[in-house]
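There are two complexes below, and they share chain A, which is joined by chain B in the first and by chain C in the second.
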Partner chain A sequence: MPSLSRLGALLSRHRVPYLLLLPSVLYLVSFTIYPILNVFYLSVTDLHLVKSLVPHFIGLKNYVELIRDDPDFRRIVLNTFIWTFGSTALQFALGLATSLILNARLPWRGFWRGIMLVPWVTPIVVVGIIWRWIYDGSYGLLNYYLNTFGLLHRYVVWLGEDATVWPAILLASLWKGYPYMCLMLLAGLQTIPQDVYEAADVDGATGFRRLWYVTLPLLKPVVAIVTLVALVLTWNNFQMIWVLTEGGPAYATSVLATYVYTKGFVFFQLGSGAAVATLSILVILVVCVIYARMLRLEEREL
Partner chain B sequence: MRRTTSLALTLLIIGLLTLAGLAEAGTTLRVVFPGTSETEKQGAVRLKQYAESKLPGTKIEMMYLGWPDLEKKLSVMLPGGDIPDLVQQQEATTLVAMGALEPLDAYLARPDSTLKKEQFFEGVWNYSQYDGKMHTIPIRAISYGLIVREDLLNEAGMKLTDLKTWDDMKRAAKAMTKGNVYGYGYPLGLPRFAWREGPYIAGYSNNFDISDTSEATKTKYLEMLRLFKDLQPSMSPTTKVMGLREAFQTWGLGNIAMMPTGDFFVANLYPINPKILKVSRVVAYPKGPSAQKQWAPVANVGWAMFKGSKNKEEAWKVLSLFCSLENLTEESAMLNTPARRDIDMAKLAAASAKFYPDAVEDNRRIIGDFVSNAHPIGVPMRKILRREEMEVAFQKVMIEMLDGKLTPEQAYDRIKADIDKIKRS
Partner chain C sequence: MSHRVLRRLGLYGALALVMAFTLSPYAWLVVSSFKPSTEIFTRTPSWSLQGGTLRNYIWALGPTGGNLGVFFWNTVLAAGLTAIITAVLGAMGGYAMARYAFPGRRELALALLLLPMFQGPPVMIPFYRILSTLKLLNTIPGLVLIYLSLALPICIWLMAGFFRSLPRELEEAALVDGCSPVGAFARILLPLTLPGLAATSLYAFVVAWNDYQYALILTSSERAKTIQLSLSELLTFFGQTNWGGIMASGVLTTLPVVLIFMVIQRVLVQGITAGALKS
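Moving on to the complex of A and B:
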């Protein structure tokens, strides 16, 4: 009881701050916590809109069926890792290179910095449609130019062939996503004091050694945050793949986000779809924890 | 004091504005209108204006979306309690199974109902019945056939009347495949069309339904799979990523010579290239080795009312207007073949000139081709529960077979296993 009265006293003493916090808390509970809990609840039911609108508890059956009996599930998980880590790594590499260039003293630097943001501010569906036309197997620009310059002697169905579909999707994702990396890394680069570079110069560190031993270690906190954010965003990025391939041909480019949609809203298997969503949340959570621990470990070693 | 007065005044103004808004609003009906072509999009706008002009107190909120997205959208809206009033449907099996649609028999039985069974073609009317109850009121019939570029066929030394069997079709496809032109179009890229715009239509012409995997259909199924394997050299390399829209675009550019599809062909092709309609003809899909004659699957498009609609009386009035003779004379001129038998064909032809001014005769000829197919050889399309799941499984196997990873026999075993599993689960 004393703790309750202490809580009451605390609330009455800080009434205004708590009142100001209340809308945010209500929003979080209504639109984040409740949906997550509800997805988990649905995942242990047999809700299938075609069969019955009333969910029945079936325990972990949906999870067992997915992991043990679904012939496409393993491939889809693998695709999700290729998509997430491939996109993030490529975006980071290009974002870092671009940020280093844009951090240098360039003529018209403001203009280049502005134009670099164009892919990022273009709506993702528009980007997807543009890239679909670029990759079109009959009339696409990529085929046209590669054939015109003699680099290819046939038209390739970039989004339909096993060997080309993932590189094609990753390239589109790279174009869309690298400006975010670049922008964040550029902000990080500008926080590195100039005298550190001057000291490195005195010690004879130039070019690549300066990048490796000075810039990158000092950028590490920014790198950790932007790559983590990029991993989570890409993991859940549904639109780019859906616009480019709808997860096809068949399930060749399906990832967990598109599979949730297919299960839930194409097949109406809301229970099974919720199980895919729950597994997806758990896997990305584990990936993030491992990633954060690795970074902390490295920081300690430093 | 001044603050209190300001607050009271503000609240009063908000209250008055809200009341004024409510008084002005009348009834708003939410209507889901699916379509894939620009013509259909115009049709949605026209229909909204038509209903609002006839029922001044009613506002129509038209929700236009692509056919493939229709059930996906509804599967999100309905369980969440976000229920529209009316929906246009091709096959309502899933929505009926979900218990989402209002049976319309009681409304039709009312003495003041303007809609009567006798006004409609019997087969088209019957297609709207699910478990003996009317769940949609038909507005258009849909029949399927094989579209052929007559000029290319003639250049290849064949005539339309030569396309009687699958062997004739394979011969024609091979002969018409030259340069950038592919003899046979198959939109394998999206599950819905990988199933329907090819194997499903071919299946009917081999006397079976591809969702039927019983032993009795095994030979027919294998014949159908071998047909597609044999046709593959005449298909575009982009087949695997081609949806129906892309297939129509490719047809519009003159790069496909033959393709099975429905009588929504003109509505889709006209905005892309109206000139190509001049050389496009429709024949019944040739018959397979196990069939005695050609068959054409026939379905319909109709309006349905949601059970959860909060404005059922108003929705029925609007539905009756949508299905009225006046509206359907104009609408049938825009899309497909009429569902009502009392439509004056001369008026319909005149109305079609508004929608297809550069292809009046071509549109009439193509729709005529479809109608003449549908009547003597039309069979109602089978209603398949959980078809969406079967389509995805089927598409996957067809891709593997056409990629050379599976023989038709292996493909059959996989399709049978997958479809049987869906039916069992």
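Moving on to the complex of A and C:
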């Protein structure tokens, strides 16, 4: 077996890094790669938390039921796109604006940068508590101020009405998520050499023109990577929505991520939940391929 | 001249707006946590702390109220173990990634970046099944086993960055002086990356401390329930009656992570942004 002995030689030549990485790789294979493959398999079974603890193969039944028979599914898919793109766009806009502010010469700049990150480390359940209280229909701060300033003449249950629930979730998500975006963009801004700006100054490009024609084009690679990562993480973000509305009222704010939980752990239909997860993963995989391509492009450019 | 002054003013105004947006929801949480119930359930809320009370905090910790002590301890254990294991594996893996060229290195680096994309709902059901097969549902070791998946990839990546920032000559000099490779690693490199290692493992602690979704599906009783999960249950049970107590519990839950974060912020931010940009 020549190939086997070649493999042996390879392993022994690189035994130090392989041994150092062995525990981590073993762990990652069993707790990150196996689960992804496992969820594909479970999606074609009848696994149920109460009725069928042993999975039986049932073909594409779960998928057919979701796509053809589930009256809420179409809305949930649509919601997922609204949520993902809405949240990412808002976070990007405020993140970029804030990174420009915090990249300017300011007194106590380091302090402001630190403060800016506080929502990012705040536990998601606490974020839920903070915003549910602000949005409260009887005693909430938002109702109070809007009524005091005469912008509104009634008390709104912000998280309970179809028209207001998405804006309310998106605002809370903006608060929680913009700091991370800002942090990354700030790091990107700092890689732009100062003399580029000086050259722009000489050419008379200032203010908005400088931002549009100098800063943003140079920031493009960072922007692409950061938004792509944010899109995927938002797509998968079950917690933000769950702590605010649990996907309700009814399914008004359910997305694929919350629906996996609802199916699997509220209705106990693990097989069906796995089918939702699989559909969701397929979309992420596409984004990952684009991401990986971009990383490779970057490398070539460097 | 006046144009420049105007621009400065605009900049400060924008900074003030962003900071107000960032801090006021937080400030409201803290202020409310000190208010008696009559001041909370009112149509004319006020920012004043007059008549402030610690009753909500006593309720949050007391056995007849939030009883957070038990869950606090569970979470310290789970997050602490996650941090320690991540530190060991992260240092080993990060060193290999930073200092050795070997077949599969690029693929592994890519995997470490892409795997965190699949957190949460996509793997919830398999995680539940794995722990149920291992008979580790509703246990601290079970939680740790799952929390490592949140922390390990990014921590290997961070540690690789910290090792890479040290000059290679350090180890080479140690090797020339008769140090073994292990000795060079343990005695020369590790002490120098200690700030990075501390920041990395504390970051793992914060990630585990802040988890809600996995505790939600994997734990069910006082034996292993984490502080985030018990906090969300307080919200369900007392959301109509005791907001003050819930706010106080929220402050207590947040305090440790904000304190840790303030300590590690500089090193961590450096590591995270350097890693992200190098990718």
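In this text, the second predicted complex is superposed on the first by the 286 of 302 C-alpha atoms of A that agree within 3 Å, B and C clash if a C-alpha of one lies under 4 Å from a C-alpha of the other, contacts with A are read in each partner's own complex, and residues count from 1 in each chain.
Here is the rule we go by: a residue touches a chain if its C-beta (ideal position, glycine included) is under 8 Å from a C-beta of that chain, and two chains touch if they have at least 3 such contacts.
Remember, predicted model here, so these are calculated numbers, not experimental data.
A.B. asks: Kindly classify A:Gly128 by the partners it touches after superposition: chain B alone (first), chain C alone (second), both, or neither?
C.D. replies: Touch partner of A:Gly128: chain C, not chain B.
A.B. asks: By the touch definition at the top of the document, which applies to A:Gly248: first (chain B), second (chain C), both, or neither?
C.D. replies: In the superposition, A:Gly248 contacts chain B only.
A.B. asks: Could you say whether A:Pro217 touches chain B, chain C, both of them, or neither, answering first, second, both or neither?
C.D. replies: neither
A.B. asks: Counting touched residues of chain A, say whether chain B or chain C comes out ahead.
C.D. replies: Looking at chain A, the partner in contact with more of its residues is C.
A.B. asks: Looking at A:Tyr34, would you say it contacts chain B, chain C, both, or neither? Reply first, second, both or neither.
C.D. replies: second
A.B. asks: Between chain B and chain C, whom does A:Val266 touch in the aligned arrangement: first, second, both, or neither?
C.D. replies: Touch status of A:Val266: first partner only.
A.B. asks: Please work out whether A:Gly8 is in contact with chain B alone, chain C alone, both, or neither, and reply first, second, both or neither.
C.D. replies: A:Gly8 contacts neither chain B nor chain C.
A.B. asks: Just chain B (first), just chain C (second), both, or neither: which does A:Pro119 touch?
C.D. replies: The answer is second: A:Pro119 touches chain C but not chain B.
A.B. asks: Would you sort A:Pro167 into first (chain B), second (chain C), both or neither based on which partner it touches?
C.D. replies: Neither partner.
A.B. asks: Which chain A residues contact chain B in one complex and chain C in the other?
C.D. replies: Shared contact residues on chain A (touching chain B in one complex, chain C in the other): 138-139, 261, 264-265, 270.
A.B. asks: Which residues of chain A touch chain B once you look at their complex with the stated criterion?
C.D. replies: The touching residues are 49-51, 53, 136-139, 155, 157, 159-160, 245-246, 248-251, 261-262, 264-268, 270.
A.B. asks: Across the complex, what residues on chain C touch chain A?
C.D. replies: 7, 11, 14-15, 18-19, 21-23, 25-26, 28-29, 32, 40-45, 89, 92-93, 95-97, 99-100, 102-103, 105, 108, 110-111, 113-115, 117-130, 145-146, 148-149, 152-153, 156, 181, 206, 209-210, 212-213, 216-217, 228, 231-232, 235, 239, 243, 246-247, 250, 253-254, 257-258, 261-262, 265, 269, 272-274, 276-277, 279
A.B. asks: Taking the complex as given, what residues does chain B use to touch chain A?
C.D. replies: Chain B residues touching chain A: 71-72, 75-76, 78-79, 94, 97-99, 180, 188-191, 236-238, 240-241, 250, 253, 255, 385-386, 388-389, 392, 395-396, 399-400.
A.B. asks: Could you pull out which chain A residues touch chain C in their complex?
C.D. replies: My answer: residues 10, 14, 16-18, 20-21, 23-25, 27-28, 30-36, 38-39, 42, 47, 94, 97-98, 101-102, 104, 106, 112, 114-119, 121-126, 128-134, 138-139, 141, 144, 175, 179, 183-184, 186-188, 191, 207, 222, 225-226, 229, 232-233, 236-239, 242-243, 256-258, 260-261, 264-265, 270, 273-274, 277, 280-281, 284, 287-288, 291-292, 295, 298.
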